[in-house]
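When the chains are written out, they are named A, B, C and D in that same order, and each has its own residue count from 1.
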Amino acid sequence: MTTTTSPDLDLDAKLELYRMQVGLRQFEKRAYDLFLENYVKGTSHLSLGQEAIAAGFAAAMRPDDYTFATYRGHAHTLARGVPMTPVLAELMGRTNGLMAGKGGSMHLTSVEHGVMGSYAIIGAHLPIACGAAWSAQYRGTEQVAVCFFGDGSTNIGAFHEALNFAAIWKLPVVFVCENNLWMEYTRTTEITAVPNPAADRASAYGLESIIVDGNDVDAVYAVATTAIERARAGEGPSLIEALTYRHGGHSRADPGKYRPDDEVAEWLAKDPIPMYHARLLGEGATEAQLVEIELSVAAEVDRATEEAKAGPTPGADLLMKDVWADGGSAWRN
Amino acid sequence: MAQLTFREAISRGIAQEMRRDETVLAIGEDIGAAGGVFKGTVGLFEEFGPVRVRDTPISEQAILGAAMGAAMTGLKPIAEIMFSDFFAVCWDIVVNQIAKSRYMTNGQMTFPLVIRSGNGGGLRFGAQHSQSVENWAMMVPGLKVVVPSNALDVIGLMAAAVRDPDPVIFLEAKSLYASKMDVPEGDIVDTLGSAKVLRQGSDATLVSLGAMVPRALKAAEELAAAGIDCTVVDVRSLVPLDTATIMREVTATGRLFTVEENPRLCGWGGELSSIVAEEAFYDLDGPIVRITTPHIPLPAADALEDMAIPSVERIVATVATSMGA
Amino acid sequence: MAQLTFREAISRGIAQEMRRDETVLAIGEDIGAAGGVFKGTVGLFEEFGPVRVRDTPISEQAILGAAMGAAMTGLKPIAEIMFSDFFAVCWDIVVNQIAKSRYMTNGQMTFPLVIRSGNGGGLRFGAQHSQSVENWAMMVPGLKVVVPSNALDVIGLMAAAVRDPDPVIFLEAKSLYASKMDVPEGDIVDTLGSAKVLRQGSDATLVSLGAMVPRALKAAEELAAAGIDCTVVDVRSLVPLDTATIMREVTATGRLFTVEENPRLCGWGGELSSIVAEEAFYDLDGPIVRITTPHIPLPAADALEDMAIPSVERIVATVATSMGA
Amino acid sequence: MTTTTSPDLDLDAKLELYRMQVGLRQFEKRAYDLFLENYVKGTSHLSLGQEAIAAGFAAAMRPDDYTFATYRGHAHTLARGVPMTPVLAELMGRTNGLMAGKGGSMHLTSVEHGVMGSYAIIGAHLPIACGAAWSAQYRGTEQVAVCFFGDGSTNIGAFHEALNFAAIWKLPVVFVCENNLWMEYTRTTEITAVPNPAADRASAYGLESIIVDGNDVDAVYAVATTAIERARAGEGPSLIEALTYRHGGHSRADPGKYRPDDEVAEWLAKDPIPMYHARLLGEGATEAQLVEIELSVAAEVDRATEEAKAGPTPGADLLMKDVWADGGSAWRN
């Protein structure tokens, strides 16, 4: 594992990182409950257990940087500052949803917050992130694109094309592999030729091999800061493998029973949130401060739930809207 | 007779063929111990083991490339592309390699393979997991295209597809996976290229496919109540296309309505319409009307998706209006 | 006025837009110093330099992904896919990402980009380098599709495509690259979605596209000599589709013939046929006839390729027979 | 460069390797002339300068092994024993062509000789070769698939998918990158993140990095033998990078002017055929023996040219033939 220097964060900043992780955790739990209650109709892929990665990266990004996420993108969307209500409402298919219900859980997008889309076809968004980075490079804006994907996604062709492309054009893009050990129901090492699906491929693109404890938000923040600053300085892309685990199943009501009990137990013991809770207490935070955060987040989730539920169901006007930039969908005169 | 779901029929159809022929193998993502994300391969891993039922990486080009290379050297692979939308990441292997290589090699190679895939909407999965791509496949010379509408047909057409020496794209309507019907015991083998007439009427002919078949049938019932007596045809196979049956039924009523889940432009119904407009023009009593999903990406929200895909109500209303009722 | 080849018109059209707008960039394989394998980008590298005219690796998904990501963040890329057959290796980026993302994001994103590609047969390149894929593109909601038939239209439609805020697939008929015509000096800007009537007749309407346009025109001349007076329409843009012009011309003659280079099934002509058969049924005086490449992969041999793609002779014979001449 | 032990070939075998290379050379020169004379109508991509790779591999293969080639596949096809006449006739679009004119130069195939196709879309045949290897593995035949491709082709997604796939399933496939430094008109190192486009990627698939002098047929033969035997023994795939150079342009009448003169000169000096000629003289062959080979090959090429030219032009019967296994093309009843 790449050693990381303790990042330069004061307690307030760390409390923010805690708040963010707790927010993601509670949001995802609520999303799960709402799925069971049939409010969330389609599919959804939760980041329970993986919150430290989304939080650590988002904290290291500039407001105008770009996030590219997958179908497992609730956490990355929220971490960039998108409020909970439109995200929950999107999962429920309401007009107050982030995309008025037209995208759904797998396609969360908020251009205003730099969330340049969540992509549901494995691999596709890696080249697209290259494009945003190329644009930033051409426009000279020093924006950086951060692109998240899973361990299983390292075996698809687009991964390879994007990594090479980013390397040769020295694009300001940071590729982040969230290695949670599993693709859907298959263990990634069983179908991957190397033990570390991202890090062991870095040299194929002239890049450094970087592995980070994805359950340690401070470590993630440190590695993110380095890679993002490198990109911003015009030194090109990075590929980071963050080790983590999803607490639940792959999607929807999948109980994830294919995973050995001891593996699940081992990783539950490494839950990023209690871990950080303990660390913060050690670094001078009080239990009361942390409880206050948890409670205020809980209130936010409750409020968002009510607001989302109150959103109207979309009507026919939305159906034919915005295929084209003129706002319509006409393909003929 | 046993009640079988559409999804159970998939694995029963595959198992039937794997028992018969050792060269039939199944590959795909999570199709092994997990039984497939749609549970369409449950039991196969247990019965045939990890060599014949094999999990793959998320590498759709490798999956179909492997199927192609295996088919040209004597095996009969059944490859799964989890959602038919993902054909887009391996389209080259399908359209440029598998479909063309027999012709290019002047018949030196044969590709007895089946590519099955979950197709279509209704599950609120949004634009990248809900497409009906039957027209993508129909458009490509060298591919056979099969789209069953019920569990019995799934078994029989799967057997026919596996036994067929040519590459077959086998599209499983996701919204039908949970549908059930009584299916007889024993081997079932159907024929590719045969449409089925499910209902005989005198006023208009509704030609439908896959998940649209039960809707067309339901619509025909409602239309009958309104005095419009419809024939309903289940196309079942786009290539080869049973134009004989379809033309017979269209000319009998003089009116053709297609009921298509694919988006509007260049759908199978457009092709059918053009065949009828060319070959049966003088037998038509009125316009050919296509009932399709509009030419838009599919929205995720349930309310929107239900408006997009042809519904029983829309079929009824369109036919009734067009028939002047 | 200067004589310009179709291929020179490509680079002139691109240069015109690059001069006007700094956010217009060009990328693709060998498009830089080499000027493109079809010499469609000659001079651009010299004029605009390696930052705005950039060579890429053989990574079509990266090329189009880059174009998409750049378009959503304020640039207007023109990406080249060398042969349109290669769309199959990056089809996901085209159909699932570029075409759908505006709709899925409820209009948050806009994709002002152009993907140009050498399309079609006639060069004896065989089945993997000769396809006409206009129907692949037309089939996908969210893509505009432009197919010019002459140098003047190339410039004007390229300008229109670059200025259009939506993604445009710009298909360049390879067999027309060497064709020449007089083109005026100065900026030329055309309109997407406008068909052109190239010849006015009274007996039948031939609707054609791209490389088939000169053939349809030639056929119309020969047919006129045989007493059949044809209107010839150049569709120019499949999406948006100028149905107003086409319907007007079809209803005027009462007969529609399509002349299509794409293989038979689910071609643009099938779509057009279905529109006419639905909306202008009572104005038709006879069957709608499609003249297409047969539904086969394209053969390499010159003798075979010439038989496959609609020729002037085949157009003349088909129209004459169908018109009872 | 990987050191290779001098292969166990006697002079007769080496003379055969010489004959093969001379055959490929003379064939390609004739194909070029016939292109200029407008007998060859479509495109064609010659292997002039790259003959040692095709020859060395073919000599190391068993008759029932599989070859997968690219559009630059004349040499690989001939090296497996396909006679010159049907190959030339195919280039000319005649019915006595290898595929009766239906495939053309870029798709040479002779299943009878184990030539399982030439593929013209970059990358596609790597996964297909995996499939043939998987089939051999399943059927237990100990056949090996050898798959050739260019340096520029290492940046496309299918390369990555195939390499990983072959590695995890331990498939009997040998991937051979013919690194001739150029893709079409672009230098491959300019658009590739690593100096050796194949060898520097081997570790990403858990494979050994292997580079061989592709202009030295003995070295090629040695490395080929090792990799093929390894595959045959069930030890899985190899990835070999063979350094070489194409003497001419990319295709057809391309004069290849984008290449620096001194680079061309340097590589012409390393021409595999004069080099081998000299070596054989040193190893006991006589000039007369070598001249005899050259002359008899020349006669073969002349004969093939005449036979090919005499072939009839295909008619309508062939056009609609063999889309389907029933021999026809009907898509409807």
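Criterion: a residue touches a chain if its C-beta (ideal position, glycine included) is under 8 Å from a C-beta of that chain, and two chains touch if they have at least 3 such contacts.
These numbers were taken from a predicted model, which means no experiment stands behind them.
With centres defined by CA atoms alone, the chain at the far end from chain D is A. The chain pair with the larger count of C-beta pairs in contact, out of A-B and A-C, is A-C. Each chain gets one centre point, the mean of its Cα atoms, and the points for chain A and chain D are 45 Å apart.
Averaging Cα coordinates per chain places chain A and chain B 36 Å apart. We define each chain's centre as the mean of its Cα atoms; on that basis chain A and chain C are separated by 40 Å.
The distance from the centre of chain B to the centre of chain C, each centre being the mean of the chain's C-alpha atoms, comes to 30 Å. Shared interface positions of chain C, i.e. residues touching 2 or more other chains, are given as 56-57, 59-61, 85-86, 88-89, 92, 96, 103-104, 126-128, 141-142, 239, 264-265, 295-297, 299-300.
Across the assembly, chain A contributes residues 100, 102-103, 107, 119, 121, 123-124, 155-158, 161, 164-165, 168, 190-192, 318, 323, 329, 331 that each touch 2 or more other chains.
Those residues of chain B lying in contact with chain C across their complex are 85-89, 91-92, 94-96, 99-100, 103-104, 126-128, 135-136, 138-142, 239, 263-271, 273-274, 276-279, 281-282, 284, 286-290, 294-297, 299-300.
Chain B contributes residues 29-30, 32-34, 37, 55-61, 85-86, 88-89, 123-129, 264-265, 294-297, 299-304, 307-308 to its touches with chain A in the complex.
The touching residues of chain C, counted against chain A in their complex, run 25, 51, 56-57, 59-62, 64-75, 77, 92-93, 96-97, 101-110, 112, 141-142, 164-166, 193, 239-244, 275.
The touching residues of chain A, counted against chain C in their complex, run 66, 98-100, 102-103, 107, 109-112, 116-117, 119, 121, 123-136, 138-139, 145, 157-158, 161-162, 164-165, 168, 318, 321-327, 329-333.
Across the interface of their complex, chain C is touched by residues 41-43, 93-94, 97, 100-107, 119-124, 152-153, 155-158, 183-186, 190-192, 258, 313-316, 318-320, 323, 329, 331 of chain D.
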